[in-house]
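What follows is a pair of complexes built around chain A, which joins chain B in one and chain C in the other.
Moving on, here comes the complex of A and B:
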């Protein structure tokens, strides 16, 4: 199979699988399938929210791709997004949140400074959580696949506890933190959806990262160290520091995803906020074959597929976890390029 | 199975690059059939097609006259065709026995019985290798023996061997060739690639020659009806006219006929010629003012940790602007010495001094990067993964030396515009190197599409073009044909005249032969310099 066909086959398989499940499980398959193809485009609400989700996926998938290009695998995206989202919510609520605004008056604290602090704190949190597996790999050859995954598995319940316990907003019924101050919320651009400027920031950052990788000497050293580590070592490139940098950058982008998820989409950190987002980002990065420009259309298509299958399953009252099915099928097909694709001898 | 035949086989790697064009050639059992050719002639592609690693673009492989397809080496193996590569890819984490057993059919291993079978096979073929050894610690010659046993264990009808004797010590070569003759007498077909004309003539039943992807010669060696007419293409089934195949008659296929046998006289002539080359070499994109020569001083170097081949108390000086050779047979520790001298393995004791730069072994980070930053260039013996990488493009492989240093961000937020690549200059540089080596390849092509010899020439040229003050080359002649080796010899002599200090580590004593090529020759034996 030609390599470029694999992403297309992956998407087509996702589409076919969703259609087949709908055809066999929905009470009225015709309506369900029609919903699948038409509902995502039926209102600005759907279109805006799909694009907004695509923006978050572009950021996280850029992170996953940077890890892959640097020769590492970041499987801790879930926790990096989740923990950064919590940090963002904590910094932007409390004295800076609605309660603080009410008590101290609007503008009591410099909004921009707090916003920048939250951004830096979220980026730092994501970067730190990925830096640890990165330095372990470079220092003692500990597999970053295992360490990033296990660290993530350990961090997620801790964040769950912090949201349900010390940082829970006791005034509401949701298991979530207090809402962030209105001044920190990114204005929706396509009402009534939450689509906001983060979509364009994500595209800009993906393109900037692509330019640095392609056009600078450091980008060359980064990608060559990822593709051919022994060659890079012998050419005198700092392969160990590329390993650490690629993981740290990957975590930083996941941290930014958590930041924009709070400031642009949910405005508070609720439990399971990042559920599936880290894995979806990895799927997008694999579909795009870690090409940072290809990440943009891949994320948009993926977000559309996700919304469309949600719509179809909702309209059919089906109990399937559609996102997981789509994700599983796409990951399965994409991973086929790591398998020997061979024909049987005639 | 009695014959394997290539029927009008063409292999295109891209529309503009024909690796093999309409080659028809037949291989029979009971025959040692040697395929000769210059670098890039298509020998490896032809063998890869026969062994299922590559599929032909046009034409087909026939077994006993019936067309067959090999989608993978496993399929070729199941039909009785096994290949042993010169530098076989073995699993370093397994033992010799486990590597031999990899991929063998059946559910149960039956370890004891299999070991006995392999031991019997090894004794039949006179192959001496410890089945319990860890593959990681094997010398190249033992890796070849392991791969050979793995191939023989599958009881092939045809055995393809790529430069089998190049990693063997001279005293082992004849023994090895005799075992090939014995196998041939037992009914096995042997197909061999070599650059050694004398070896081909002495041991082969038939010799075929490829040139630029075309079959230009094929004839029996010892038969009185041999055909040595270079112009006439011999197709399977045609009757050759009477003649005798000799080194002289074959030399017409290998560029300059006088380079076939390199005697001290020819080398002296080359040196005179190369002074002129050195003087006129102004076109180099890396040219810079002639640097001050630096000597490489090694003192008391010892590396004997783990169970790898150790070296003890190595002391020598590679004098500035001179060519120093260290010969060490496989297993002598020459591989360890290469690793230590290239920064890949920190020695247990001893020092390495470069000019006035103090002792390198005392520095915190003992890496290749440190050596490179002091102006040392390397041509590693592992050209596939250290000297290059199959997944890189030719362009990316060639520009590596230009890509060190210059950070994108000097300080946080301070973007350095000097970090941007100069793509026009890079392209010009790559084009110059490809043209200089006469390799007509698109720089965007992957390295894996190059022949072994072409790759080695490009690596050598890349390192020489960077004008290092000291150049350490491990087995530089590997994979080069006679004219390629001669060209390299001239380039190295010219470089030494320009004050480059050259150190050659090799396990082939006949490499770069000629008494006045080396200014100093040292011998490594059992980890010690003699």
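Moving on, here comes the complex of A and C:
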């Protein structure tokens, strides 16, 4: 029971924070709080979209957890998701998009090959952005906490610029890339929501990763190097390469998140698409205590909390996004190693 | 040239404050990752209170009060629960973004710029005060860290907390105190940024909190070397402003430059240190 305490307290504090903000800012707090609890379940549109968001979070949080299990912190999730989403949108709308089809002729390039290329490119982009901090840590002991964050903070404005400048779709008012070709869109399973197969892929990958960590020799070395690096060094395990692998894998999962965000949810890369998803993923991973199976329910709950607060703020007309406050409070609580319920003996 | 050096010195002032705060926390072994968020919060508190009371001095004290109180609570939380100070520091950054956005919409009905009314003249802080104050404080801090018992204890907190404990001094007290001092300096930086602009804008710190952390490492944790590092960063900031003005570089992409500079500092320092050995 004890291990559930911190996650429960974390979610409860998130709920309390949202309720307090609503009570102080909404014109009619009663209505806002009611819509907080009822609206997310009021239609398939909300349920589907919440689950879809949960799917993306499961992928990204699996990435964050893999970093934690390998003894590293990946704080560059934002840029890893954002940059790979842009790469996906570029690949799927360039030669494969409407303009390309007009030039090359319909079906000039096989759909599946392009789709696979985009997937590989997105995964590579995410992985590369995390590999750099990983290799810096293994090679010159440069803290990956700082380097992954700083690299991400530097990349985000560049992606912003690319979306608003060279890759902007000039035909629309939205600051976004051109939409991807229809053939590349994952078809919605729960209309009218965008819920799609990526939710199940995410769960499958999280379970697969959990099994690999638990049942294989490599997985064992990975977790031991992460939790007890000195012991692992003594045992002759390759701790340095585990550092690099855990960061790279973490980035790869964030890259996949960016890929599915485009192919399954938004179909184009708009500015600030990641919108805090990297931080949410870290919060989910910490709530789940980096247990890859626990990531699944934690992400679903977190996505519900996020959608519910969005709904409540929309209904209150305050047009405010509470995401970062909720993230802050949940991160704060889950970072606690224990709760001081009883005073520790001196 | 006559304008260049005063311009760089003025730009250096908030960064120098932030760097001193980060330095104190680094000595205590709990790097102030929250610096960027704390600057944003302080700037908001300063402008909000100045706008209401009409007194920049009241704004300054409000900024100090709000920032130090928040970081004191979080530092106490860290000690009480064994929380990772890096993660709680990051959560302050997220909180600062959300909280300022929410408060500005609730209190001022806007989520963008909050400008001070023109009747609020900024006579409380004449131009150049902040720069002079920052340099004076650097001298004082260097002295305190090097020659006082407090400074010695603070430095031991980061390297050998057990030694302190064996002498009956709880290291946690110094860790908490170091965050309060860092928050105080963040408030100085935030106030200077906000009052010199006469307004609060979202993301007012513009990565300065992170540059400050880099300056601490670039200055080998020595107050005077840190000051030189701050000048380097301020000169870099000045030149990026000039470059931005020419339009050769896209304005949005330039926002990433402080982070790249900080990252380069973090990468280069271990490499340079190895060479020295």
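Quick note on the criterion: the second predicted complex is superposed on the first by the 327 of 346 C-alpha atoms of A that agree within 3 Å, B and C clash if a C-alpha of one lies under 4 Å from a C-alpha of the other, contacts with A are read in each partner's own complex, and residues count from 1 in each chain.
Keep in mind that, in the parts below, contacts are C-beta pairs under 8 Å (C-beta built on N, C-alpha and C of every residue); 3 or more make two chains touch, one makes a residue touch a chain.
Source: prediction; values computed, not measured.
When both complexes are superposed on chain A, chain B and chain C end up clashing with one another.
The wider contact with chain A, measured as residues touched, comes from C rather than the other of chain B and chain C. In the superposition on chain A, contact of A:136 is made with chain C only, not with chain B. Within the superposed three-chain model, A:332 lies in touch with chain C and out of touch with chain B [touch as defined at top].
Touch criterion met: A:212 reaches chain B, while chain C stays clear of it. Residue contacts after overlaying the shared chain place A:227 against chain B, while chain C stays out of touching range. Residues 340 of chain A lie in contact with chain B in one complex and with chain C in the other.
On the side of chain A, the complex with chain B involves touching residues 212, 215-221, 224, 227-228, 230-231, 233-238, 340, 342-346.
Listed in rising order, the residues of chain A touching chain C in the complex are 21, 24-25, 73, 75, 136, 140-143, 145-147, 149-151, 153-158, 160-161, 164-165, 276, 279, 286, 318-329, 331-332, 335-340.
Put simply, chain C touches chain A in their complex at residues 74, 77, 80-84, 86-88, 90-95, 97-99, 101-102, 105-106, 111, 207, 210, 213, 250, 252-257, 259-260, 262-263, 266-267, 270-271, 274.
Touching chain A in their complex are the following residues of chain B: 68-72, 75, 78, 342, 344, 367-369, 371-373, 378, 380, 382, 385-389, 391-392, 396-397, 399-401, 403-408, 419-421, 423.
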